[in-house]
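Chain nomenclature is as follows: A, B, C and D, assigned in order of appearance, with residue numbering initiated at 1 for each chain independently.
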Amino acid sequence: MSYSSIARDGDLAQLVGLSHKHIILTLKAGGELQTHRGVIKHDNLIGSNWGTQVFSHTGAPFFLLQPSLADILNELPRTTQILYPKDIGYILVTMGIAPGQRVMEAGTGSGSVTIALATAVGEHGKVISYEQKPDVQNLARKNIERVGLTSRVEFKQRDIREGFDETDVDAFFLDVQHPQEYIPQVRAALKPGGFFSTIIPTATQAEKILPVLKKNLFAFVEVCEILLRYYKSDPTHFRPVDRMVAHTGYLLFARKIEPSDDPRGRELANEVSIQDNT
Amino acid sequence: MSYSSIARDGDLAQLVGLSHKHIILTLKAGGELQTHRGVIKHDNLIGSNWGTQVFSHTGAPFFLLQPSLADILNELPRTTQILYPKDIGYILVTMGIAPGQRVMEAGTGSGSVTIALATAVGEHGKVISYEQKPDVQNLARKNIERVGLTSRVEFKQRDIREGFDETDVDAFFLDVQHPQEYIPQVRAALKPGGFFSTIIPTATQAEKILPVLKKNLFAFVEVCEILLRYYKSDPTHFRPVDRMVAHTGYLLFARKIEPSDDPRGRELANEVSIQDNT
Amino acid sequence: MSYSSIARDGDLAQLVGLSHKHIILTLKAGGELQTHRGVIKHDNLIGSNWGTQVFSHTGAPFFLLQPSLADILNELPRTTQILYPKDIGYILVTMGIAPGQRVMEAGTGSGSVTIALATAVGEHGKVISYEQKPDVQNLARKNIERVGLTSRVEFKQRDIREGFDETDVDAFFLDVQHPQEYIPQVRAALKPGGFFSTIIPTATQAEKILPVLKKNLFAFVEVCEILLRYYKSDPTHFRPVDRMVAHTGYLLFARKIEPSDDPRGRELANEVSIQDNT
Amino acid sequence: MSYSSIARDGDLAQLVGLSHKHIILTLKAGGELQTHRGVIKHDNLIGSNWGTQVFSHTGAPFFLLQPSLADILNELPRTTQILYPKDIGYILVTMGIAPGQRVMEAGTGSGSVTIALATAVGEHGKVISYEQKPDVQNLARKNIERVGLTSRVEFKQRDIREGFDETDVDAFFLDVQHPQEYIPQVRAALKPGGFFSTIIPTATQAEKILPVLKKNLFAFVEVCEILLRYYKSDPTHFRPVDRMVAHTGYLLFARKIEPSDDPRGRELANEVSIQDNT
């Protein structure tokens, strides 16, 4: 993210036009952007203040803004369902993702979580991302490159049933069908005490993964859902908007633990395996 | 955050005992922790794997874990209402907080947002945090020091009506009573296009701040609330827990814009000032 | 509602066809129903068991069912926003609407609450319904007639600013713009201790009506919202549906009280006027 | 429910005292009510206007009110979990419960649904309520008698595995453990096209009952949950209260259908059995 008040060559930028159409682009000297409302020369953007209005050759107005992580996620080209900012924000905070960490995910999908993780771990961190389908991985690569995060991400293509090359990673986010089938592999990749998270579309699947986590010595299990309700920002008619997203998935969090053989520890080990957050 | 699989001298750690009592501490060679269930010597923790069980001198079991940002926030000593992880995660993602940024907040309160911002901006970033009350600021200082983030935070004590010393910051989070009274000051501190966010307890206050934001040339206003619902993690009785937090506050986001004098831009400027996210 | 297991001449019926298209009709010997999938003779329905399948002259299948109040409301021809079953059910129970009562509403709108009230008060009860606009009232009349409840409803057309003819009604439901302007009139119509309810689209309006209720000696105020979330009824993929209605309105309930002049009663009178249901 | 503006001998009444303590009682000439704040003679209540303030012999103030169905349910003496007004209101409206119907439930529990059904079917309707445990049934009998609805309710004590005596009832509400085990018995009691509803605490149980309903020719299945959020009724600080009930149960509705042998009907029969309300 640029410190500068001014848009510079190489910056990631966002143009917002009429009807809130958002376009995300990387500024390049000499470049041109074709929009439905005319052409915009990058050279007219480079050197402008962020937050200012710019115009296409036909006179259509746009605001020039730096995109937030949420903006980037909302505009991401996708073939698969992506995670929403409401879920990603809670995942980052609950898994303690921070600059400098080495974290993993599978599968990559369209790369929404990849981008979020790569942003949060910073330039000294690393994201290792597994995906089985080459075409899906290719789209994710393009998405990550487009936002300038390629150097922080290592892509691997594999059926993750075979396991992962890595060990001792700080955190692992799993977003695959039948996640309950890969828990031993995930455990092998995580460092002791490492953070695990997954998103699960159905209650039926949550019921399947919970005993597998317990059996594989994951504890401090937390299952939740995040609901986001927007409001109309009209000060004389303040009220929620009419409709909302009712469900994206159940979020599940757990920690890799190593219970002691000491019989004194059994009580605690049992307790954490049935934590219910009531 | 430590990369290591092993707890080391100086690491921030978390001990979780029976009944899920959480204790957050910094490991120091020679140190001792007094708990309700006996004494634990830091030297018995240093060198242990994260995720393992340890025992107090009376034999009470604990798990040794690295705390996530959410863990830290949930255990924060407080005199004021703190923000919840559900809100903080969404704020970080929607404001695009990232390593290396220079961001501000007022008021500091117990320091929960300060810690979240300081974690997200990393060691090359900076958080400037204003607070009017010296005693509140002192608690926040201790909280930030306790989690090892002091070098990233600059504290200032002031009635923010007088304005801020800084300009061109990437993002500003405002959490004060009557936030509508400080919008020009916040605008002066933000860089062009900068991100603004606040949390507002009542609908009445949301109605008051919305026209002030418009008047001070903030746009792309988004108002929302985040609801978090926990589930019992029992695979044979999967269901939501009985009670939940129903309200922490309305989250409000906006961008500092600089509309053009060009009459062609008027349409867009009007539109964004009444965005309603429907 | 018919007791019978068999559809009879004069019964209110519902035909549900492919894609869950619902048609509500009153069975009449010799009648014919034109559908997009062919003609159905009423005589083929009369005498059939409820719950059976019937076929149009082109062979399109339908189920023959008695409609519930919710079914009727969901299919109601409307020019105005109607209330949803989720809100109406809670209103009926919270206002204690029961067979034999004499209740009022203003405005009638498309008649959804009218139908609900007329159903609940039964054949020995009475609903008096005021509406200012003749064309809106005409639609409501047709809707009430269509479901066979005309004898229980008395329609009046008036600007309710002039007040109501009735006194001592058991309950009053107000659904008009600017409800805060008609509270003295509503009070005059209600019996002592009578139930008041209204639905309010915006927080801004709720703030306006609350002090007016207090001033006009309404107490035991309860403000709430009801959210309905549907689930996919697939036993192997049990989960909420993707989207939901986020807002229909704030429901507000209050009782007409008559505080004593006795100074000993002041404490209670003050208390109930600021009830907050926490 | 009394039409009168005046409390009369034999009326069901509610006294609301300081701290919103609610007491529900039946007025009897010569009776006395002992409260924590002194004695109130029924003769001082009989003949008073509803909504007025009355005083105990120690001078403690109370409001005299008629209780709504919601008030009665909220104050019901209970040994088991009772249903909340938010759920009961939606059940009544969705099952189309109306004056004059003959409806059933099992088990009776503390009688909360019994009271709601008996209120809604009126004096010409009938509720048949099965309960296996004699002591639970006895409490329900007392609760129903206390609110004056005994003549509308027929209690039966039985293990419902043996089936029900009744046939052709309009609607059946099932609230027992393992509801999936009694669906054929419920079907035998319902009239063709009859309404079925149950409340299910866990997702796991919902998954179990759904295929049983399909197999037993119930269709038009609807699964949902109702959330109720209260607001502080302070016009200058309008906002949701801090905490709420997050879960009471999943509500499930279905209709008893009788598919035709005609092959043309197969498409519709299949469709309704997988309805998902999306």
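The rule is short, and it goes like this: contacts are C-beta pairs under 8 Å (C-beta built on N, C-alpha and C of every residue); 3 or more make two chains touch, one makes a residue touch a chain.
Predicted model, so just to flag it, every value in this text is computed and none were measured.
Simply put, of A-D and B-D, more C-beta pairs touch at B-D. Here the C-alpha atoms of chain B line up with those of chain C after a rotation of 180°, rounded in steps of 5.
Between the CA-based centres of chain B and chain D the separation comes to 44 Å, rounded to the whole angstrom. Of all residues in chain D, those touching 2 or more other chains are 203-204, 206-207, 229-230, 235-236, 238, 241-243, listed in ascending order. Those residues of chain D that touch chain C in the shared complex are 1, 3-5, 16-20, 49-53, 55, 59-71, 73, 85-86, 88-96, 98-102, 116, 119-120, 122-123, 168, 170, 191-195, 203, 206-208, 210-211, 219-236, 238, 241-243, 250, 252, 255-260, 262, 264-265, 267-269, 271-272, 274-278. Of all residues in chain A, those touching chain D in their complex are 203-204, 206-207.
Of all residues in chain C, those touching chain A in their complex are 201-204, 229-230, 235-247.
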